[in-house]
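Contents: one structure, followed by commentary.
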Amino acid sequence: MSTGRLRFGILGAGRIGRVHAETLAFRLPEAEIAAITDVNLEAARTLAARCHIPRVAGSAAEIFSDDTIDAVLICTSTDTHAELIVQAAGAGKHIFCEKPISLSLAKIDSSLAAVEKAGVKLQVGFNRRFDSNFIRVREAVAAGEIGAPGLLHIISRDPAPPPYTYLRPSGGLFLDMMIHDFDMARYLLGDEVEEVYTAAAAIDPGFAKEDDFDTAVVVLRFKSGAIGTIDNSRKAVFGYDQRVEILGSKGKIATENRYPNQVVVSGEKSVYTDLPFNFFMLRYPESFALELELFTRAVIEDKPTPVTGADSRVPVVMALAARKSHDEHRPVKLSEVS
Amino acid sequence: MSTGRLRFGILGAGRIGRVHAETLAFRLPEAEIAAITDVNLEAARTLAARCHIPRVAGSAAEIFSDDTIDAVLICTSTDTHAELIVQAAGAGKHIFCEKPISLSLAKIDSSLAAVEKAGVKLQVGFNRRFDSNFIRVREAVAAGEIGAPGLLHIISRDPAPPPYTYLRPSGGLFLDMMIHDFDMARYLLGDEVEEVYTAAAAIDPGFAKEDDFDTAVVVLRFKSGAIGTIDNSRKAVFGYDQRVEILGSKGKIATENRYPNQVVVSGEKSVYTDLPFNFFMLRYPESFALELELFTRAVIEDKPTPVTGADSRVPVVMALAARKSHDEHRPVKLSEVS
Amino acid sequence: MSTGRLRFGILGAGRIGRVHAETLAFRLPEAEIAAITDVNLEAARTLAARCHIPRVAGSAAEIFSDDTIDAVLICTSTDTHAELIVQAAGAGKHIFCEKPISLSLAKIDSSLAAVEKAGVKLQVGFNRRFDSNFIRVREAVAAGEIGAPGLLHIISRDPAPPPYTYLRPSGGLFLDMMIHDFDMARYLLGDEVEEVYTAAAAIDPGFAKEDDFDTAVVVLRFKSGAIGTIDNSRKAVFGYDQRVEILGSKGKIATENRYPNQVVVSGEKSVYTDLPFNFFMLRYPESFALELELFTRAVIEDKPTPVTGADSRVPVVMALAARKSHDEHRPVKLSEVS
Amino acid sequence: MSTGRLRFGILGAGRIGRVHAETLAFRLPEAEIAAITDVNLEAARTLAARCHIPRVAGSAAEIFSDDTIDAVLICTSTDTHAELIVQAAGAGKHIFCEKPISLSLAKIDSSLAAVEKAGVKLQVGFNRRFDSNFIRVREAVAAGEIGAPGLLHIISRDPAPPPYTYLRPSGGLFLDMMIHDFDMARYLLGDEVEEVYTAAAAIDPGFAKEDDFDTAVVVLRFKSGAIGTIDNSRKAVFGYDQRVEILGSKGKIATENRYPNQVVVSGEKSVYTDLPFNFFMLRYPESFALELELFTRAVIEDKPTPVTGADSRVPVVMALAARKSHDEHRPVKLSEVS
């Protein structure tokens, strides 16, 4: 940080890489991008031009060996995350990595070991923690605004399912989609889950062919005694449907969806509004900026990152337990799979 | 019905008896009250004066033996329902009985057998089916307005817990409180539940001493493949919190609570409203009137009542299965307890 | 009140007469109905049967001369109100009269003089004051919950226009419809209007032929310096649209419409609810009951009625000033027409 | 546009200059900033560094004489706008100017004449037209979604008053604040106002000392016959309160405020949310970006700008008429002041 700014190297110029590059380039004065790389060099070049990035590197290794670079953003495909973390840590780079690190606990553990050994900082991209709604809920819980939490409900539904070919590589519903909600459950309550029970279904039989589900409810038992549910669906035709609700001893706190406008029409047959946002980048834009800002600041000020290594591991454990619960048709303790 | 009106005898002049008596006296021109009785004769007399009821009977038997009476309202304590149904059916009276008929399946079955043998009509007081919100949801589902239901959530929370001494005689959370929600689940989806899984807790340890719970989530698996949850709490400090939400293949339908007014204040620290209703008679007044109106009309027009004998039995089965699921810490099929 | 109950005679068995009769018969234990009359005796007989009224009188005079009757409800056509008030007062009866007393200030004044001379109580049927929304707003203003009021907006729109033939006899928009809002303005702010300015239009030219309007905005200047507007339309196709909003030095208070249910559907094209109520008896039922209850109690306890003689006169003055403002195309002080 | 991008010179590096510079630098790939100037050169330099602007010019004249510059953004103080427009037009630059051009109709007219003579494009910064709420309302009206508009209400309230010293130079409430609402009224209805009537007050007497108001209602009469009101207050303690509502022959359309989150807390005393945004840059961020994008595109594609010269003049006429209406205590036609 000789320049007083944190110098980033970016690995991956796809959709999420572009979002992060724009944040660093246009919104974070305390950050600068030194280089970018991608297996598709043309994509890297286009994004470099867009974001005033001075250098397109030919490989991740080039970036790791650049001593002027302080930190890396890992925005590549999930199966590469663990190995890139090990390499980046070995090169002494601080690491921001998209979620999840891996679908394998063993790989996560070796990544985290490398990070710990190198003494670098790691943050995983659970961006929803940085959405103003969920921040507000977390703050309320932490401040006791609703007393002791007793019941939690997380609704998390996508507007439309991905192609079937996406399902197996992604790890399936629990590891690909509900993992955000497992993280959210821990974050909102500041509590750990001990046991899960899963009821899942493939309403669209195409999901069953891929050994996956498009609909699931998972019941969570927390250490504190609180009970939670997560509701996932791959298909909410009206748009992103992502809400949480907590009942506490002194009240209830709940979030609503976000809408492109605040317009209400009273017509001859109904009173109506437009649909809520139906794309995650419209629903969660601020959270992508804030997670990078807090990572940058954590590195500069040498403080813990707001999403730690443990935070990246536990949701994978929860996903594995949720799947096991379905397969064995019984409640499963997290300790059985961790 | 020589007078062209349905003549009722009322058994029980307590809180719910009074509600029903006022409905019959003041709101249903096609009904009249011939007589009322109560173990507390003074209460019966007071209500008779209030509602222009010409006769206070000394016992239920007097009412059953009055040939001018067409139908009876059973508003006595739960432990008397089954036997009174048998007697009323034996006397050829049509029967409106408060829920539940009994906490024992055996007693329910003998009651229903008596009703069937006598050929009289029976309706059980699941009044929430007649709330305009839940009617609207049921109609939407039946009409396909949201497509095929995939996920159902029922939130059902009381403002404040009853005294501990109330708990054991009532049958506990599942038989006393969640029974309304078991009925609601079947009603809203027009579908049957095959299996339940229960996560329950006594946040207030006083409930544990009575072998009961103040907080519970039950997961429902429907025949159609739909998945549901019921969330019960004995203590929602802000008031009655009774909402439902269904996600279907073509949309979502959800209800909000009811409030004493539609006023919003934007103050210096927050934007706020008054609390929702916190008493079931303020929350559900119309439903009590409508259930009696539909019962009366069903008898007069010789049509099926909107809540049948089977409707009165299944929720008890569900409650027993939900309790068994908690006790055995596993999902339980309804067929195991029925 | 030898019976301890207030004995009423009802003049008029039309729509509003029926509403009031049912309230007295079924909801107010401290009231009883001694007799009813109507120019249409058949209507009086039907209502008497419905409400257990022991006597159908052949004329208003019969009722006035019945010494057992304490109070009268005047629910006849507007042009008869003033004369009936004079007669009722002369007979020493307390009076509840539908609004307005008369379209003529002279007749109002002679009525009020008769009431004052007789020392009887008078209440005029501005029922909206007794709606839970507007009560809540009034209480907030009176308690200083929003500080000193600076701006008031009253929206008051009917679902559909009356027949053209109704317009002239009714006195037109200001005397027939906006009169409720003139009363509301005074009630909510606890303040008097000094000047009005009117912008009115006949969007449907049929109204212009009757020298009337279907659309109007009236600006109010209050003694306190506060500024208000009233917005009237004869045609809000989505239902009753009756809301108020006040901006004060410490906040804002606003009411929303009432809806038959609290259901929200998220469909494929919009998020929608059913329409608000579109009939005043569905929108304001509780207010009709409460105004009679408070009148009854005011008589029994010998306290002032909540809507006084002055309250019945000022809105007529405001309506006359509003019309004059339109005709002369300038702001008009109330002192010019009073 | 030799580079294929529109090259901008920016005059003024204050608050709004910074907003526009960031939009051009970070969000509009089809734009680039060639130079910036400000009477405070340090401010210009800071903003240049932040936004990668290659040149800080010593004066506006330097920018006008730079042949590589296609367009200028005038973000200086209001009293300089008219003269800078004349100079920019003389230099053949397209012009985006903050509102208003001038408080003097004569100066506006000479500016517009210079623009017309030069054949350059002009857009004035009525940013609220580009807010997603008001766009949605305009589209609904234009598409006939609510039928023919009959009544319009614009609520436009600031969270807190400016210092008294700000008032006289700004031109006062009508020219400084309500001018946005005059523009909004024309935009939303696509109609012209013919007459206004003003009721204004200085609730805080400090405003009266400056010959100004903190509270005003203006009634608008449109050519179509529609009636509107604008409500302005300098002090809405709960935050920005900027809403519109239109009643049409087929329905109503209304906007709500924007909030920092969509969280609702049900507590022991009330159900509440946080306050709406209380800073215009939080309330209207997207509109600032969109107005520049549409200006840039209009120039590049040689199409009319979305806010024309006439659009910049009429609201000033309306403001002058509104003030005259107050001073003369009568309705005033726009033709009297234009």
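All chains are identified by letter, namely A, B, C and D, in their written order; residue positions are counted from 1 within each chain.
In this text, a residue touches a chain if its C-beta (ideal position, glycine included) is under 8 Å from a C-beta of that chain, and two chains touch if they have at least 3 such contacts.
Here the structure is a predicted model, which is why all the values come from computation and not from measurement.
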{"item": "Interface copy of A-B among B-D, A-D or C-D, judged by whether over half of the contact pairs recur", "value": "C-D"}
{"item": "Far-end chain from subunit A, centres as C-alpha averages", "value": "C"}
{"item": "Separation of mean Cα positions, subunit D and subunit C [Å, integer]", "value": "43"}
{"item": "Subunit B and subunit C: spacing of chain centres that average the CA atoms, whole Å", "value": "39"}
{"item": "Distance between the centres, which are taken as Cα means, of subunit C and subunit A, whole angstrom", "value": "58"}
{"item": "Residue numbers of subunit B (touch at least two other chains)", "value": "236-238, 241, 250-252, 266-268, 274"}
{"item": "Interface residues, subunit C side, partner subunit D - complex", "value": "148, 150-151, 153, 157, 197, 199-201, 203, 215-217, 219, 221, 225-227, 229, 231, 233, 235-238, 241, 247, 249-252, 329-331"}
{"item": "Parts of subunit A lying in touch with subunit C, wherever the complex brings them together", "value": "236-239, 241, 266-276"}
{"item": "Subunit C - residues contacting subunit B, complex", "value": "22, 25-27, 29, 50, 52, 132-133, 135-137, 140, 145-146, 250-258, 260-268, 274"}
